[in-house]
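There are two complexes below, and they share subunit A, which is joined by subunit B in the first and by subunit C in the second.
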Partner chain A sequence: MKIITQKHLQEWLSRLAGEMNLVAPVNSKGKMIYREIKSPEQIAWGFERTKMPPKNWYFPMTESILEIKQGKETKITEPPEPQKTVIFGVRPCDARSVIAFDALFLNKPPVDRQYARHREALIMIGLSCPQMWDTCFCLTVGGAPNSKEGLDILLSQVEDGYAVELLTVKGETIFEGVTFKELAIKVDEPQIHNGLPALRKSDQWMALFNDLYWQKLSDSCLSCRVCSFVCPTCRCYDVRDELVALKPGLKEYERLRAWDSCTATGYRRIAGGHNPRDTKEKRLRNRFYCKFMYYPEDYGSLGCVGCGRCIDACPVGIDILEVIENVDHLLEKVQINV
Partner chain B sequence: MTKMNKQIRAAAEKYLKDSIVSCVIGYEEDSRGRIRPAFIEDAKDADRLIWNATCNLNLVNYLHQRKLSPGKDQPVPKTAVLVRPCDVRSINLLISEQQIKRENIKLIGITCPGTEINGQPRTICQFCMERTPVDWDVLIDSDQPIEIPSAEDIYEDIKEMENWTPAERLAYWQKEFDNCIRCYACRLACPGCYCYECVSEQVDPHWTSIALDVPEKMFFHVMRAYHLAGRCVGCDACEAACPMNIPLSRLNRKVAREILEMFNYKTGDDPEEAPLLACFDPHERLRT
Partner chain C sequence: MPESSTKTNIQEQSETTDLIIPSLASITGIHDLANNIKLIQVQLDDLAKREVFIYKPGQFVEVSIFGVGESPFGLASSSARGDTLEFAVNRVGTLTDALFRLDVGDQVGIRGPLGKGFPMDMYKGKDILVLGGGIGGAPLRPIIQTVIDNRADYGKMTILWAARSPDLLVFTEEYDHWCSQPDVSMHITVDQAPEGWEHEQGLITTLIEKINPSPENTITVTCGPPIMIKFTMMTLEKLGFRPEQNWVTLEAKMKCGIGKCGRCNLGEKYICTDGPVFCFAEVRNFLESYV
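Right after this comes the complex of A and B.
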């Protein structure tokens, strides 16, 4: 197994920072977040899970997808190519989110041009988790603390540094010229949570669609967008043409896309004002049905990687793992009744 | 079980048993030992209710979802709600703004030792002089000792901010709002933010971009602070709900202080009084 020392790792990251956009977890007033960094000294090495997922670098919070200049002739231009970006310290759950993104944006036509460009420019260096933390449940949704899916390189901490697994051509390419030792070292198995609830298959969920449970669950929901925005797999967005500048004889617009969330009141509102998901019960239910039924059925990937961020961030304590567990119990009852 | 929890449960049970209300809104513990809002509709579930220092939302916010008649010829549902002294002020705010009627509400008030946000005592609690609500139907005494602070340093952190130059103030808030993810949890946790459509989300007229960038976040927060001038009761539910730990309380307390000094007005004193900035008094004089 390839072993790289902390010192050589830092040297390599320094080099990468000079060659491309380097993103890594940093400590910002006690909050762990991914940030673009200039030097590996800024990295918060002891981080567990960041407050926000790394999706901002392949699905930016806000981006211009077209520029439109309207004068005598209308000119439409695409934004420049995204900069090559390497994200260091991606947790295996977050890395699996690109599988969910690819399922929608790349694998089923039409291909999302802007996402495809970001994805092409993206390299992810993962850091396997030594343990599952409080609200983690990656095992329930098919992941693992040391999963390799979605990553280009996986690093796992060992006694004298990190064990390196090169997983893709991209990973091999950026690792070229790095000093490492070949040693016969076994990486410790991560500590896992036992007794996590099992996730019901997508075709079972429909039996509970009209269950009173959703109404009860949504009593406290604020219809805010926290859960979706901290979610590594939520990928809904809003698009709007916005006026940038008004000059004599010229109007400049940009077509913006920004994160949006199905839990927000206006998300599903259509022209004329009708809102098919007009209650918070319907909106909250949609969040779970999207992740565990609609998305897997339509795109073949779960919409959840089990990071647990929404459990931590929800201001009113709505707990997705508890939902998975309750759905399991409720379905048992339904099946008994049938 | 603490004496306080016992009394909260007894009050809730009585209201439900006697059909005085159809729902009691309080707090319960989840399976992880954390606090979350609870909606108790059956007297036998009243023993789920608890109170502790991490109960830092303002449950009055949930009265908005129970303020209208559910259907033709049906009365507005009656609700009991667990309230701290600051929360009661938002009851008075909503009555004065004709959102709710006192007759539809039962207040299970508590004397408040102060609450915590992210494991720290709330700034506002450290200065709070009001430990008994201005109104209640049942009053439950806190299990914890209540220390009323001296009033001297109540605006210390605000004064510090006032001493900064405008450029320093802008830089401070831009940095804080840079962390904002525009999730609107602050707005949606606030009993005073109940607009059918928020300015920040309105499409026609289109006041602000959908972008999640600093100017839009700044616009949203400053606009919200202005819209809460004379209306914010200082419950800090916004700050408690914020996933990014933005010190919203500092902004709201600054505005509340201005209102107090200009008009000698504290939000929620009197449910009969017209909302401060929604009425015009020709004799009114601003501070000069």
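Right after this comes the complex of A and C.
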């Protein structure tokens, strides 16, 4: 096992910060969030789960997807290649969100070139979780506190440093020249939650589509969309044009895409006003069905990584893990009734 | 060690450039179709692109006005009739309002053709019942044109055209031409008829029952508001049409048009890539209703 000391890790990160964009968890007024940093001194080493996933660096909250210059002629160009970015301290659940994103944006044609550009420029150094925290449920959705999926390198804390697993060519490349020792050290197994509910397979959810449960569940929903905002796998986006410069004989626009959410009131409204998803019951149901039925059926990956952020963020206590558990119970009942 | 797969994917992309970057096009004609509805004609500026822009009845494009935005429109023209792209615009929102203020010669962006069209080959040898409601007649016009242009390939064509009022009927100038073709008949109805109205009055469902088309060797194509589609399908079923005979084109405000942005799903289906044209046998079994 490759072991790197804290000192050598910081030296390595310092070097990376000089070579590329380094993103890591920092403590911002008591809140753990990912930020672009200049020095590893800024890293909040004791962080647990960040308030927001690191999604912003491969699917930014708002970004230009086309640049349009309209003068005598109109020129439309795609944005330049993004700067190489290494995210340090990615939790294994968040890393698995790129598996879901790749499935939709890269593997299902046509390729979303803007996402592909970010993905190409992205290196993720994961930090395995020593334990599952309060609302974590990665195990229910096929992950684990020490999952390697989506990562280029996985670090796991051991006595006197970190065990290093190089998982991709990208990972190997950026680790070149780093001082480490080969030691026969065993990484402690993470502490996990026992008794987490089992997730029903995508084809089983169909039987509950018209169940009254969704109405009861959505009674308190405020359609505030915070669940999507904090979600590492929600990927719905809106597209808008914005004027960025007005010069004599030349207008410059950006076509922007920005995070959106299917729980928004008018999200599914069509021209003329008809809205097939006109109640919050239908909208909230769509969000859960997207994650556990539609996304897996369309792209072969779940639309949830079990980070639990939406459970913490929901102002009215709608709990995705409870939904998974209730769906399991309701399906048992349905099967008994049949 | 697994190599990142992104590079090959980017390289494979080159063929689909036009689905992401709008192609520049110029407005060549603007015609009043009905009250608050215009037919806009455009041509791609790049001659090479014009040649390869081949589309089927029922497919759509995303139309950009730079600085305002982009919206999907069903194509109302036929590839076989030339390289002018036509689409009907009802002024209902920001982008359509901006489209109404454009003139001939102005530039727009076009992405497409997008979505799946009507399976015209499958309709060959069959009678065709065309059911259009309001501006919903626009994406059906290419079917009418295709049948007229390939008359021997199809059976009898019956066009039922409906609108809330006479001033909302689209393509009125073409009715005489359509009806002068062999084996084509047309019936028109409006919800509110003025005095002296010489066509039918009432909903399209009433008209269908009155015409009483035979389901034998017939397919139907319907486009209109969701509520019209719903009741039209019920009426057709009553007359003995099986869902497998009925085709519809559905609407959504797709942002990307290529199955990425998540806007237009109906359950696990996407209107933009699985549709917008569907066989009703499929639509009726959708988990999530289009209505």
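Just so we're on the same page, the second predicted complex is superposed on the first by the 334 of 338 C-alpha atoms of A that agree within 3 Å, B and C clash if a C-alpha of one lies under 4 Å from a C-alpha of the other, contacts with A are read in each partner's own complex, and residues count from 1 in each chain.
Here, a contact is a pair of C-beta atoms (placed from the backbone, for glycine too) under 8 Å apart; a residue touches a chain by one contact, two chains touch by 3 or more.
Quantities reported herein were computed from a predicted structural model and do not represent experimental measurements.
**Student:** Clash or fit: subunit B and subunit C on subunit A?
**Tutor:** Because the two structures are overlaid on the shared chain, the partners are seen to fit without clashing.
**Student:** Of the two partner chains, subunit B (first) and subunit C (second), which one does A:240 touch, if any: first, second, both, or neither?
**Tutor:** both
**Student:** Just subunit B (first), just subunit C (second), both, or neither: which does A:81 touch?
**Tutor:** neither
**Student:** Figure out whether A:203 sits in contact with subunit B (first) or subunit C (second), or with both, or with neither.
**Tutor:** A:203 contacts neither subunit B nor subunit C.
**Student:** Tell me the contact category for A:274 with respect to subunit B and subunit C: first, second, both or neither.
**Tutor:** Touch status of A:274: second partner only.
**Student:** Using the touch definition from the top, say if A:170 reaches subunit B (first), subunit C (second), both or neither.
**Tutor:** After superposing on A, A:170 lies in contact with subunit C but is clear of subunit B.
**Student:** Classify the contacts of A:225 with the two partner chains as first (subunit B alone), second (subunit C alone), both, or neither.
**Tutor:** first
**Student:** What is the contact status of A:316 with respect to subunit B (first) and subunit C (second): first, second, both, or neither?
**Tutor:** In the superposition, A:316 contacts subunit B only.
**Student:** Contacts for A:294 in the overlay, against subunit B (first) and subunit C (second): which applies, first, second, both or neither?
**Tutor:** Second partner only.
**Student:** Please determine whether it is subunit B or subunit C that touches the greater number of subunit A residues.
**Tutor:** Ranking subunit B and subunit C by residues of subunit A touched puts C first.
**Student:** Give me, in Å and rounded to a whole number, the least C-alpha distance separating subunit B from subunit C in the superposition.
**Tutor:** 5
**Student:** Find the residues of subunit A that appear in the contact set with subunit B and again in the contact set with subunit C.
**Tutor:** On subunit A, the residues that contact subunit B in one structure and subunit C in the other are 238, 240, 260.
**Student:** Could you pull out which subunit A residues touch subunit B in their complex?
**Tutor:** 28-31, 51-52, 61-62, 134-135, 216, 219-220, 222-226, 229-230, 238, 240, 242, 256, 258-261, 264, 266, 311, 313, 315-319, 322
**Student:** So in the complex, which bits of subunit C are touching subunit A?
**Tutor:** 1-7, 9-10, 12-13, 16, 19-22, 24, 64, 66-71, 90, 92-93, 96, 107, 109, 225-227, 251-253, 255-256, 258-268, 270, 287-291
**Student:** List the residues on subunit B that touch subunit A in their complex, please.
**Tutor:** So the residues of subunit B in touch with subunit A come to 30-32, 34-39, 57, 61-62, 179, 181-185, 187-189, 197, 201, 209-213, 240-245.
**Student:** State the interface residues of subunit A toward subunit C in the complex, per the touch definition above.
**Tutor:** Within the complex, subunit A contacts subunit C at residues 66, 68, 70, 74, 76, 78, 102, 104-113, 116-117, 119-120, 166-170, 172, 206, 209, 235-241, 243, 251, 253, 255, 257, 260, 262, 267-272, 274, 276-277, 282, 286, 289-290, 293-294, 297-298.
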